[in-house]
Structures are given as structure tokens and as C-alpha cells.
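In what follows, structures are represented as C-alpha cells.
In what follows, chain A forms one complex with chain B and a second complex with chain C.
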Partner chain A sequence: MTPDSIRRERRAARLALLRMVFVVLALGALVPWLANAYWIKTLTSSLALAIAAAGVALLYGQLGLVSLCQYSLLGVGGWVALRVGHGLHWPFEACVVAGGLSAGVVGMLAGLPALRMKGLYLALVTLMLAGGFQVVISATGFPDGGAGFLGRISGSERLMLPRPALAQGEGAYFAYVAAWLAAMLALLELHRRTRAGRSWALIRRGEAVAEGAGVNVLLYQTWAFGLAGVCAGVAGALLSGAVGQLDGRAFAASESVMLFALSLIGGAYYWAGALVAGLLLRAVPSLLVDLGVNGYLAMVFFGAALLHALITAPRGLAGQWLAAFQRRAAKGRA
Partner chain B sequence: MIEIRGLTVAFGAVVAIDALDAVLHAPVCGLIGPNGAGKTTLVNLLSGFVQAKAGEVRVDETALLGMNTARRARFGLRRSFQTEQVVEDLSVWDNVQSMLDHVPNRHRPADAQVHRALEHAGLLDCAAVPGAELDLFRRRMVEVAKALVGEPRLILFDEPGAGLDERESRVLRDAIAAIPDAFGAQVLLIDHDVDLIAAICTQTLVLDFGRRLALGDTRAVLDDPVVRRAYLGA
Partner chain C sequence: MPDLLPFLISGLGVGAVYALSGVGLVVLYRSSGVLNFAFGALGAVAAYVAWSALDHDWPLALAALAAVVTSVAISLTYGRLLAPRLAERESTVRSIGTLGLALVVLGFTEWFWGEQPRRLVLPTDAGAIEFADVRLTYTRVLGLAAAVSMMAAVGLLLARTRIGLAMRALADQRALSSILGIRVLQVDTAAWVISGAFAGVCGLLLANIVRLQATVLTFLVIPAFAAAIIGRLSSLPVTVAAGLIIGMLEAVAVLVPGLAPFRSATPFVIALLAIVLWRDASRKA
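On to the complex of A and B.
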């Protein structure tokens, strides 16, 4: 009953999903053999941030929504992971899940204005939320093994969040984060290709169109914000595991703007775009430092890259590369 | 069957539909009138995008006005828009499937329903083609196919043939005319193409300034001197 063309399309989609998981896992397996400890650490952060970028891309690519508080949600995930890790001594995976779910709930709450606002107004409201988080986290700090709700230690050495037993070393932890990235990207792709993705596509076309098709717009928009929040929370928890602790100063509101801009540059419509965004966010500044150039020059580079993306690659670097690859493949076939 | 009793819709001081009474029972009904007559307002009201100030609307003896838009879709109400609303990055199949995701699907497997709708609309050969690659005719036919899945009861087509050439209009006309027998749904068709209305609608309602100008057998309505003067300019 299903036409052959649709069966082929579905098979191709399944293969693409498997290819994506394989590529990310292969990265996780290969990089520790090729890079030194400094670069492994840097790229671990890049992979974790790629998960958060995938959440930003979900909101923008699927619904056209600009959320500028995703880096704060990363902080929420990191805070919860550190708190339950130190306070309740949960296994690391449970800390990551707790961080992801908590940030998902906060993300849903942050997304509530989206039900009434769009575009610039939503961006401003979410940026203000990010500013609020910056103030709160500056005052409270991240849990570091102390008692009480805030879990802050005083007068003694801060405790590190223990990593999972199977990923104690830097290389093993890199592969562990790559596995989380593969799982999260697969989760998002499955959403995109099924009922949720089709519903988001209808909402993107127009809320009246979606409502006319029976879509519960409130539910699906909130679900997208929650899912993007889970991505950010998982990223935050994995970052807390990478370093063992988190610093409140790293969660300024401006980081959310940077995360959004780099997600656009990377490509909000492709999984590889999230990977590019993660690399731009962490690996490029480190590369500049490695080359003896001031890392802050990365801002100039990012500005130029954003202009490039806006002018020549509206679907991001990943979109541009994919199009070039497809053109080349088509030429090869001809 | 659509029963409309004392229906009034107002936007501030402007009365778009004024105490309208009508019973539309034909399998394919036409809705015509000059620009600003209230046709699209009536379709928007039936599909839940506009609130009534007064009156009652029943479809197959079910009161419609208390339901929100999504519930009306689940009840079996479908509509197309004047501007086609195909999602560019979904395939034709997924465009139709996206409609079926949120409406009842009790009697046939989802794939079978989508297949049947695409077959009716003549789109099976381009099922995997993304919306962005479709020409206007195929986009219009996707809108028809979307209306056919998930046990439709009443389908509202708002100028479905706008921009189509004569041959394409003929294909569209045949597809719409066959809907009641093939899918069991009543069709309410708005169009400025009087030939299209005359060819497939057995009953037609004519609106003018939000009021009923005429209602009845399509041929008789189109021959009515009052209608010809107000709408056809004769």
C-alpha cells in the first residue's frame, strides 16, 4: 500500500540516522588516539556544547523561535547534576538525566512567553531570563560538596564531581560524551522525522494551519522548549563531569547569544551544524591560543562568520557543505 | 448537513454576517458572492477562527460553535485556505500524514488512508517529492488530499482553483465532485469561478453584504435576476 518511493525514503532516513550515530561514535573512538590531553579536554567541551546547540537548532530550525536563555539552561543542568551528585551520590548517568530533566522543566517554563510572543520580543524575554540566571548564579555559585540546599562548601577545598567508572580518563570521558551526543542527536532526529516534527512543521507554516489540522499548538511548542532544555541540561551535566565543578562566571547571558549565533553559523537544519557550533564555541578560541593569538580575537572571526552565513549560507556552514557535497556527487554520477 | 440559524458575526461596528439562516444539505454546496460578501468569514467561523456574536451552527446535528478549532478538526471538519499551505520541507506524503496525525483514524491503517487520499488527488507519483518542488497545481491537489484523511464530515474549500488553468481546473473539479461518494464527506466550495460552481454544486448559497441573497438549486440561483445583478453584473 505504501509507494516504493516512500519506502525508499524511509529506508534512506533510517540509514542517515545510523550514519549520523556511527560518525559521532567514530569521532568519540578516534579523537583520543589522535589528540593530546589539552585538545581532548577542549573537544570534550565542544561535544557537550554541541548537544546544547542541537537544542537551539531544534527551536530555531523547527519552529523559527529564538531562545536566548539556552546557556543558562546549561547552567541549570550543571547545577542539578552537581547537587544530586554531591548530595545524593547518584550514579553519574542519573546525575546527567536529572540535570537534563530539570533544565527541560525550566525550559518549558521559559518557553511559556513563546505562546504569546514571537521574534524579537521572545528573544528579549528569554535574554532577560538569562540575565536573571546570571545574577542568581553569581550570588549562589554552583554546588561543590557542601551541605544545605545550595550545597556550597566553606573554608575547605571544593569537591569534584566523580566521573562515571567507565570514563575516568580524559580519552574515555571524551568517548562517553560522544555517546551522549549521538544519543541526543538521535532523539532529536526521531522527533523531527515523526509526528512531533510534522506538527512543528505545520506550526512553522502558520499557527492557523496547524490548528486547522488539529494540532495542539500549546503542547507542541512547550514540548519543543522542554526538549531543547533537556539538551542544554544534559550538556551542562556533562560539562560538570568534564571539569568536576562549574564556575558561575562562565554562565553570563552573553554566552546564550553566542550559542545562538554559532548555532546559526553551524546550520540549524542539520545535525552536523550542532557539531560545527560546538567546535566554533570551544575549539576555535583554543586553536587561536595554541597559535599564540589572543583567544578573544575569536569574536572577530565569529562576527565575520555570521556575516558570511547571513549572506552566502542561510542554512549554515553544514548546509553549505552538504549542498556542495551533493553537487559534487551529482556531477560524479553524471 | 449544515444548519445555520440567526448567525451574526461582527468585527467592531462592521457586521460581516448578518442574521444568516441557511440549511445546506447537498453533497457539494457552493458559496458565492461579491468581494466582501462574508464568504471567507463564514468559512472562518465554521472552522473556528472567528467567533459568532449570535446564532447557531449545526453540522450533522452537532453544535459546532462550542468547539475550538482543533476539536472541530477531530470532529471531521477540514478546510483549505485561499493561499495554499503546503509545508515546503515535508514530502507530499508527510504533508498529508501531518493532517492524519491529529484526527481520528479508526477504520484504516494510516498508510492506507494517506495512499487513498493521494490516489484520489492523483499525487501518488510524487509522494516522496518535497513540497518546495511542487508546482501550483500539485500544491492545490495536496490541499485536497489533506482534507480527505481521518474520517472527514465537512470539507470547506476556499477558492481551491485560484491560479489554475482550464485543464487543471477540470482535474480539480472532478476530484472535488467525487469526494462525497468516495469519502462520505459533504463539501462546501467557495469560488469565483461560476462555471466550476455550476458544474459540481447542486445547491448554492449567495451572500451579499453578509446577508443571504439566494439559496437553492444552483442552476436556479445562477439564473435568478437578483443574483445576476448583484454578483454577475448582468
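On to the complex of A and C.
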């Protein structure tokens, strides 16, 4: 017989999950009505990047691991999605799944060193991987409908990856990306609340502790890396669908560093943090350009925000806002 | 078999800068446990200061001095004001903090000086010496000389002086050293100053060899991490050797057919191999 208090907790947790999915879906339904074409495009890439940020936050927030190659994994996902889309003409959803799964596998491989090394060395390994990926992808580029394994076209117009049948327009595609975001966030949240999340919490405490409590450290740590990779891959595939193609030069190692920094600023412990990170990456720079502020000043602001987040607000902007909201709610009840 | 020597010598120029950056990173890491992600950004701002000074017809020595003073001042400010607030946290978080500094400095530099790429042309570029069919400008000769002497100076400082001893003590046992009466903050400050000076010199050299663009310079530090990793973030001689070898291998890779577009991946591949092969060392960090 479950006590009432636990049952209440469970119901609250289920409600929170539903609320999260509902908020993201409502966002997807409302924004196309409110924004113009330019902003819908910007927000579409923001939402796609939020999925990748959720993966970064999973590794840092749950396991305390710093991975500086997640934007490269985004590139891997985008590459695979474009390759199977152009080469095999799979439907778009299958391209996204293929991109996500392959980036997940690569992410697991990238995470293997993490079983042996912690902290700074892991950050450095992943940074080196990102640097290597940058060199390779800017030399080979992304598939755009040509022949051969690399799928590069030469001489004629680069082909676009067709969008999914049910989301051809800008607004519809935004809602489509929002649906993917809601699904991925729900997947991560369900992981956090079940056996995987408990195992991660124990591993974070110390591997010996986890081992002693009967947690399969190898499995769950690799699983987390794979899951973060899937997030990045799905984001990459959705991004390639938004524009129809990807640019090899846009996947510098610095992008991975930026994605990590902004995920931390957004907040690594709460789902809205990923959303904030996505907005900071794409929407805020556009907003500043709209306002006539130099985009590089945004960088100064991000740097200061990162230091602020590390020193005073380890739970990030989302965590800070949430805490303020809860304080007000508590005051309202009292 | 093509003649390798010219490539080796031209690789030595970039290699020396990798070595210099590697040493700058390791010196700071050893005493304060911070891996400075802002190293490249400090170099970039120094190079821009030198460019502006030369633009105002300052003599070269004064311009270089202004550049190094700028990077030292920023490094010191961060090291004294912000870094201590993170001192209690684990090494990863302390290092990620410098990422914030990197973004601030990079953003400011790009905003203040504009983003059109330029080259830092130094008066010493005009003259050159010929060596094994390679034209080495005086800038490169001076740069190599500066690199070698700075590395020797830091080596001596760590091995022979009192503050060097304190730095090594801090690297081993921070808490214990402070109980023994070592002024932790003072030693930290020295490390930040040295690291800032190295960043300034590296920035000047790289802006001359590669190009003067803040984003490029900021992230040119990533290959330098490779040298530091091979030195296991602690050994200065190994770091120097690794930096030089990486620079030369990168230059020689041009000769291998099909590898030329991928040659800038050399540092990353070498660093990854080093990490994977040296399992015991990487565990404790």
C-alpha cells in the first residue's frame, strides 16, 4: 500500500511532465501566428539547438561531465540525415532518426575515454575531437545530392533536402521542430525519473559508491553519452531540414564551446534551461542586430553571464527564475 | 623523397609558438589548477593593441611592451578578482570560468577593432636571413629567440628560485602549502602574470605568422592544448618538445598526398593518441 504523500508526489511529477510537453507544444502552435517569416526561421533553429543543449545539460547536470564536442555531434547527425535523405530518399522522419542514432553511437564512442578519465581531461579529449571534426568537415563539406560516398555535388546547383510532407511551410516546420523538442525533452525527463536517473545520481556521488550499490557504471555512463549524442544528432537533422543544407565551415570547435557555455548559462538542471540556451544561441543575437546592437557585444554579455552563472547562480538562469517564481508562489500561499 | 628540411624549418616557427603557448598554459595550471581557455583571447587583444600602437607610429619595442602589458593586466585582473571566487570548486569549473573571460575579451576585441582580417606587419618583417633555402624573416628569428629564452627563464624560475619552489609546492598540495606559510595568493598572482605575458608574446607572433583576427587567434589556442596535454599538464620540457614536433609534423604533412587538406588536424590526432596511450597519467586529473 503506497502512502498518500508518495502518491501525491508521483501525481505532481506526472503533472510536471505533462506541463512541460504542453508548454513546448503550445509554443510550437502559437509562435507561427505571432512572428514574421524571419523570426520563425530564427526561432526554428533556436528550438533545434535547444534539443542539443538538453543533451549537454544531461551530461553536466546529471553526471558532472563536460563534453565540448556536442556541436560536432550535431554535425554528424546533420551529415547522416543529409546523406540518407539525398542518397536513399528516405522520408524526413527516418532521416532524423538515422541522424540521431548515428550521432548517438559516435557520442558513445566519444564518451568511452570518460570511463577512464574525469573532469578536465575529458573536456580536453572532447575539445580535441571537436577540433579534428572541424578540420575534416570543412574539408569534406556536407552531402548535397552528388554521387559517391561523400555525396558532394560539383558543377551544378546544390540540392536541398526536402522537408517532411506534413510541414512544408515555415510555420508548420516550426511546430514540427517543437514537437520533436517536446518528445526529446520528455524522453530525457523519463530517463531522469527512472532507474537511469537514479544510477546517474549515484555515479555522480562517486563511482565506488555506485558500484557498491549495484549500478552498472559502464552501461549507464555510456548510455548518457549516447543519449546526449542522440539529442545533438536529432538537432542536426532538424537544422539541415530547416535550411535544406548545411555549411561545413559552420561547425568549428568554437561552436561546441559556445553551446556548452550557453547551456550552463541557461541552466543544466531544469528543462527550460535548454530552451533558454537555444534562444541565447540564435534568437538573442538576432534580436540585438534588430535593435542595432553589435553582435559581438552579445558575446561580452554571454561571457559575463557565464562567470555570473558559475560564481553565483550554479543552477543557471532557468533555475534562478524558477526559484524566484516558487518563492512568490510560497508567499502567495502564506 | 622530397627535401624535408625547408618544411621542418618553416614548421619550427609555428611549433615554437605552440611550445610557448603550451608552457604558458602549463605554468598556470601547475600552480593554480586553472587551464586557461582565455589564453588565445589574451593574445589576440595584445596583438590588436600592438597593431594600434604601430598604427600611431610607435616604435616596435614600445608597441610590443604595450601589448604584453595589456595581456598581463587582463590576466592579473581576472586572476586576482574573479578566479579566487571559484578557487574552492573543482578544476573543471575553474577552467570553464576562463571560458567566460575568453568570451568577454573576444567580444570586446571584435567589437572595438572591427572584424575585417588584417595582418600585423612588423618593421622586422623587411629583413630576412636565408637558411637551407628557407627565407626566415627577422621577426621569426626574434620570435624563436624570444620563445627559447622565455621558456628557459621559466624553467630556471621554477627550478632555482624561491617563488618557483612555492609554485611547485602549490601544484602538489595547495592546502598543505598554505599551512606551511606559503602565500598562496602571491604565488597565484605570479603565475597569472607569467601566463599573461606568454599569451601576449604568442599573440604577437601568431598575428604576424597567421593573421590578425580575434576569433582565429582565440581558438588557435586549441592546438596548443595538444602540446600541454602531451606534457601531461605538468612537464615543461615535454610540452616544449611536443609543441615543436607538432608544428613540424603539421608542416611536413603537406607533402603526403591526400593529407594536405587535413593537415591542421595533426595536433588533435597526436593529443588524442597521447591521451589514449598514457592511461595512468590521465586518471587523476
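Just so we're on the same page, the second predicted complex is superposed on the first by the 334 of 334 C-alpha atoms of A that agree within 3 Å, B and C clash if a C-alpha of one lies under 4 Å from a C-alpha of the other, contacts with A are read in each partner's own complex, and residues count from 1 in each chain.
As a working rule, a residue touches a chain if its C-beta (ideal position, glycine included) is under 8 Å from a C-beta of that chain, and two chains touch if they have at least 3 such contacts.
These figures come from a predicted structure and were not determined experimentally.
Undergrad: Should A:S5 be classified as contacting the first partner (chain B), the second (chain C), both, or neither?
TA: first
Undergrad: Given the touch rule stated above, what does A:M117 touch, chain B (first), chain C (second), both, or neither?
TA: second
Undergrad: With both complexes overlaid on chain A, does A:M299 touch chain B (first), chain C (second), both or neither?
TA: second
Undergrad: For A:V125, select first, second, both or neither according to whether it touches chain B, chain C, the two together, or no partner.
TA: Only chain C; A:V125 stays clear of chain B.
Undergrad: So, does A:N216 touch the first partner chain B, the second partner chain C, both, or neither?
TA: Touch partner of A:N216: chain B, not chain C.
Undergrad: What's your read, chain B or chain C touching more residues of chain A?
TA: Tallying touched residues of chain A, the top partner is C.
Undergrad: Between chain B (first) and chain C (second), which, if any, makes contact with A:N36: first, second, both or neither?
TA: A:N36: touches no partner chain.
Undergrad: With the two complexes superposed on chain A, say which partner A:A208 touches: chain B (first), chain C (second), both, or neither.
TA: Once the two structures are laid over each other on A, A:A208 reaches chain B alone.
Undergrad: By the touch definition at the top of the document, which applies to A:S199: first (chain B), second (chain C), both, or neither?
TA: In the superposition, A:S199 touches chain B alone.
Undergrad: In the superposed arrangement, which partner chain does A:A261 touch: chain B (first), chain C (second), both, or neither?
TA: The second partner, chain C, only.
Undergrad: Which chain A residues come up in both lists, the one for chain B and the one for chain C?
TA: none
Undergrad: Touching chain B in the complex: which residues of chain A?
TA: Interface residues on the chain A side: 1-3, 5-6, 8-9, 195, 198-199, 201-202, 204-206, 208-209, 211-216.
Undergrad: Help me check something: in the complex, which residues belonging to chain B touch chain A?
TA: 47-49, 68-70, 73-74, 78-79, 81, 85, 87, 89-91, 93-94, 97-99, 101-103, 109, 111-112, 115, 124, 127-128, 146
Undergrad: Using the touch definition up top, name the residues of chain C that touch chain A in the complex.
TA: On the chain C side, the touching residues are 35, 37, 82, 85-86, 89-93, 95-97, 99-108, 110-111, 115, 215, 218-219, 222-223, 225-226, 229, 233, 261-262, 264-265, 267-269, 271-272, 275-276, 279, 282-283, 285.
Undergrad: Report the residues of chain A in contact with chain C in the complex, numbered from low to high.
TA: 64, 66, 113, 116-121, 123-125, 127-129, 131-132, 135-136, 139, 252-254, 257, 260-261, 264, 294, 296-307, 310-311
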